[in-house]
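Following: one structure in structure tokens, then a few remarks.
Which chain is which? They are A, B and C, in the order written, and residues in each are numbered from 1.
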Amino acid sequence: MATSDKTAIRGIRLPSSLTARIFGILVGLAAWMLLAAVFPNNLMPFPLETLGLAWGLVESGVAWRHLGATLWRTLWGFVGSMILGTAIGVLMGVNNYSRRFFTPYVVIGLSIPAIAWAAVTTLIFGFTLMGPVGATVLTTFPYIAINVWKGVESIENDLVDMSKAFDITRPRMLARLIIPSAAPFLFSGFRFGLAISWKIVTIAEIFAASSGVGYKLMQTYQLYQFETAWAWAILFIIVILIVEYGFVKPLERRVFEYRRDADFALLG
Amino acid sequence: MYTNGKVIFLESTVALLVFWALLAHGLALTDTISSPTLVFASLVELLLSGDWVVHMADTMRRVIYGFVLTTIIGTVLGVVMGMSDFWENALQDYITIGLALPSLFAAIFAAMWFGLSDVTPMVAAAAIAFPFLTQNVYEGVKNVNYELMEMSSAFDVSRNRAIRRVIFQSVLPEWFAGARYSFAICWKITTLAELVAASSGIGYMIEFQMHKLSITGVLTWTVLFTMVILFVEYGILQQIEKRVFAWRQSTEIGIMGGA
Amino acid sequence: MSTKQSESVSAESIDSQSAASIHLENLGKTFDTKEGTEEVFSGIDLDIEPGTFVCLLGKSGSGKSTMLNIVSNVLEPTEGRVVFRNRDGSEDVNLGHVFQSPRLLPWNTCVQNIEYVHENNPDYEDSHAKRYLDLVGLKNHYNKYPTQLSGGQQQRVGIARALSIDPGVLLMDEPFSNLDEITAEGLREELVRVWQKLDKTVFFVTHDMTEAIQLSDRILMLGKGRIYGDLENPLDRPRELDSNEFLEFRQKAIRLFHSIED
């Protein structure tokens, strides 16, 4: 109850929080202008210049090709790491032996840098879809496995006992108790997985592709086209924000309707 | 229980190595996926030659630079955001973007600005890692148990003592968790930045081996670096955390942190 | 013994299976421990008439939870058995459970929480759940989530859920012990009111003498591995907690309760 009061109070003070946000954005823009004025223009273009360049990339169609390639790889990397991560996470939750058996894989997996996987999968699979996707799956799955495992561990024994007392069958328990109970963890694994997949795909594209935002960014750097690099960065951030606010946040709200005052940090 | 755990650990690592070896030798894929024996032989050779020392030292130095910068920015912003509603609102959008920002961007822009110097990995790592620490510190400050503060004032505990014994103590674990997490990010971004712009370091060597098309070389450097990281994370940081925060029941696997 | 009010309005809309009797036959339980076996109780014979409100009273460690778990079929007895019997002699009796904490699914509304336990009931409709929510006084809370309810209201949902499967016997494990005394007292009155409307046998475990006297027809005291007290409750309903009869009976019951040493 106390928390919902707090939200109510916050709701009333919305105007002042809006002022603060606008202030924050203005300060950011001012800092950008200042940097652009101090640095040589090709190192740090002005905001409008950058947007213009970005628009140029969109208009010429180059942007779609590379953004599309990156999105496509992100999708497959994400799906693959969700499958592998969920499988290992569930296995870790099943019993003590399997938890101990799979823990080293997760721990070692967390300690291997993405560039190492990117190099390995490129050498194995060449310039195919499997290169960046493989690197993404291998780097991302441990994070998802941990979240799923925590979700399985979090299921309350009291509720399982209650269900047994009322003779609830296993499929119904799974659908009504186990999955909803693990849902926050599954979801935070999902978000984590998505957020990391973006990052790893762009890294893997340095080696393992001849298209994609990571590839273009590296290329512009090597050709000293720094303004274009900024334009790519802006475009990609816009895409990420669209996915974040247009897709993930609404989904989160729907999934967690019952938790009115729950507070979700971006990355779980 | 303890030995039992060790036995299972051995079983699972051996299972992986055997699977790898069977795949490599059984299907004659040693050129494509190398093999445990090849990597082990090359690792021994590398360790004996001593060439790894300078690269490891360079990488570690850059990781520490980046981590120090991360800690300063992350802690200051986290405290400011936790204490003031205004700054919380003003900065939250930047934290959101910062958390989602692909590391490659930070590495490439740092490389453009600072070239082949230690500043490049330092700035890149800090730019990516600090939002995570800020987030943790901010939540820690927000979640200070005000019942304990009320209790303190009911017992006439001085303000300074309350800050030290309640606020500091309750934020410290969050801070440490965030710091560990951002450390993991720092070494990941440092290797990435070395790949983009450096002439030494682990990231540079992995790229070098990759351009030689030597999978064994790539894996050798990866294994070496992973072992060092595992030692730092579990042999040092986790032990510190266990001692300092013994009062907290924690089952975290730790060492998270997106690349 | 059962005082069913035939003129009650809301009870008419609820078709209730009639109460069942409970029979404990030479019931005993021992646990294996490191130092050998430990006997919780043994040789317990007990017959509980259908429609009776029975309170099982015991101090902590007396084995009352163990006994409830055996009656609920969660634990196997070491010896003897528990039999439930309907008035027509059949032994196919539904058991309704109310737990110490409400044990509601936090992601489901009140109605959905009741619907959850009607897996094998093809005739189930939400109106069924709503009738039982009405019965426990939650008319305006059908679609609320547990977090939006007070602790007392949550436990009401727990009671409605147990009643909704139309049990012959209602098993209650200190259901009000986590609530503040005022809320608990209100809920006890409610529970008696509902029980009077429906024909149910109630097996209620508690460590609180006042609660036992306020609720029960019969009080069983468990300690030292046996039932050492078995009192008929002579008080008429509704019961006034500060009436002389109540206080007198309470005195007598407490003396008996403390007649065995810990």
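One rule holds for everything that comes next: a contact is a pair of C-beta atoms (placed from the backbone, for glycine too) under 8 Å apart; a residue touches a chain by one contact, two chains touch by 3 or more.
A quick map from chain label to UniProt name: A, B = NitT/TauT family transport system permease protein; C = NitT/TauT family transport system ATP-binding protein.
Quick caveat, the model's predicted, so the values are computed rather than measured.
Chemist: State which chains count as neighbours of chain B and simultaneously of chain C.
Modeler: Where chain B and chain C share a partner, that partner set is A.
Chemist: Report the most central chain, judged by the distance from each chain's C-alpha mean to the global C-alpha mean.
Modeler: A
Chemist: Taking each chain's centre as the mean of its Cα atoms, which chain lies farthest from chain A?
Modeler: Chain centre farthest from chain A's centre: C.
Chemist: For this structure, which two chains share the highest number of contact pairs?
Modeler: A-B
Chemist: Rounded to a whole Å, what is the gap between the Cα centroids of chain B and chain C?
Modeler: Their C-alpha centroids are separated by 55 Å.
Chemist: Between chain A and chain C, what distance separates the C-alpha centroids? Give it in angstrom.
Modeler: Result: the chain centres lie 50 Å from each other.
Chemist: Averaged over CA atoms, how far is the centre of chain A from the centre of chain B? Could you give it in whole Å?
Modeler: Measuring from centre to centre gives 18 Å for this pair.
Chemist: Give the residues of chain C that touch two or more other chains, as numbers and ranges in rising order.
Modeler: In chain C, no residue touches at least two other chains, as defined above.
Chemist: Which residues does chain A have that touch at least 2 chains other than itself?
Modeler: Residues: none.
Chemist: Using the touch definition from the top, list the residues of chain C that touch chain A in their complex.
Modeler: Residues of chain C touching chain A: 72, 74, 95, 97, 99, 101, 103, 105-108, 116-117, 119-120, 145, 147-148, 165.
Chemist: Okay, in this complex, where on chain B does chain A touch?
Modeler: 5, 8-9, 11-13, 16, 32-33, 85-97, 99-105, 108-109, 111-113, 132, 135, 139, 184, 187-188, 191-192, 195-196, 202-203, 206-207, 209-210, 213, 215, 218-219, 221-222, 225-226, 229-230, 233-234, 253, 255-259
Chemist: Give the list of chain A residues in touch with chain C in this complex.
Modeler: It comes out as residues 158-159, 161-169, 172, 176-177, 180-181, 183, 258-260.
Chemist: Help me check something: in the complex, which residues belonging to chain A touch chain B?
Modeler: Chain A reaches chain B through residues 13, 16-18, 20-21, 23-25, 27-28, 39, 43, 97, 100-108, 110-116, 119-120, 122-124, 139, 143, 146, 192, 195-196, 198-200, 202-203, 206-207, 213-214, 217-218, 221, 226, 229-230, 233, 236-237, 240-241, 244, 265-267.
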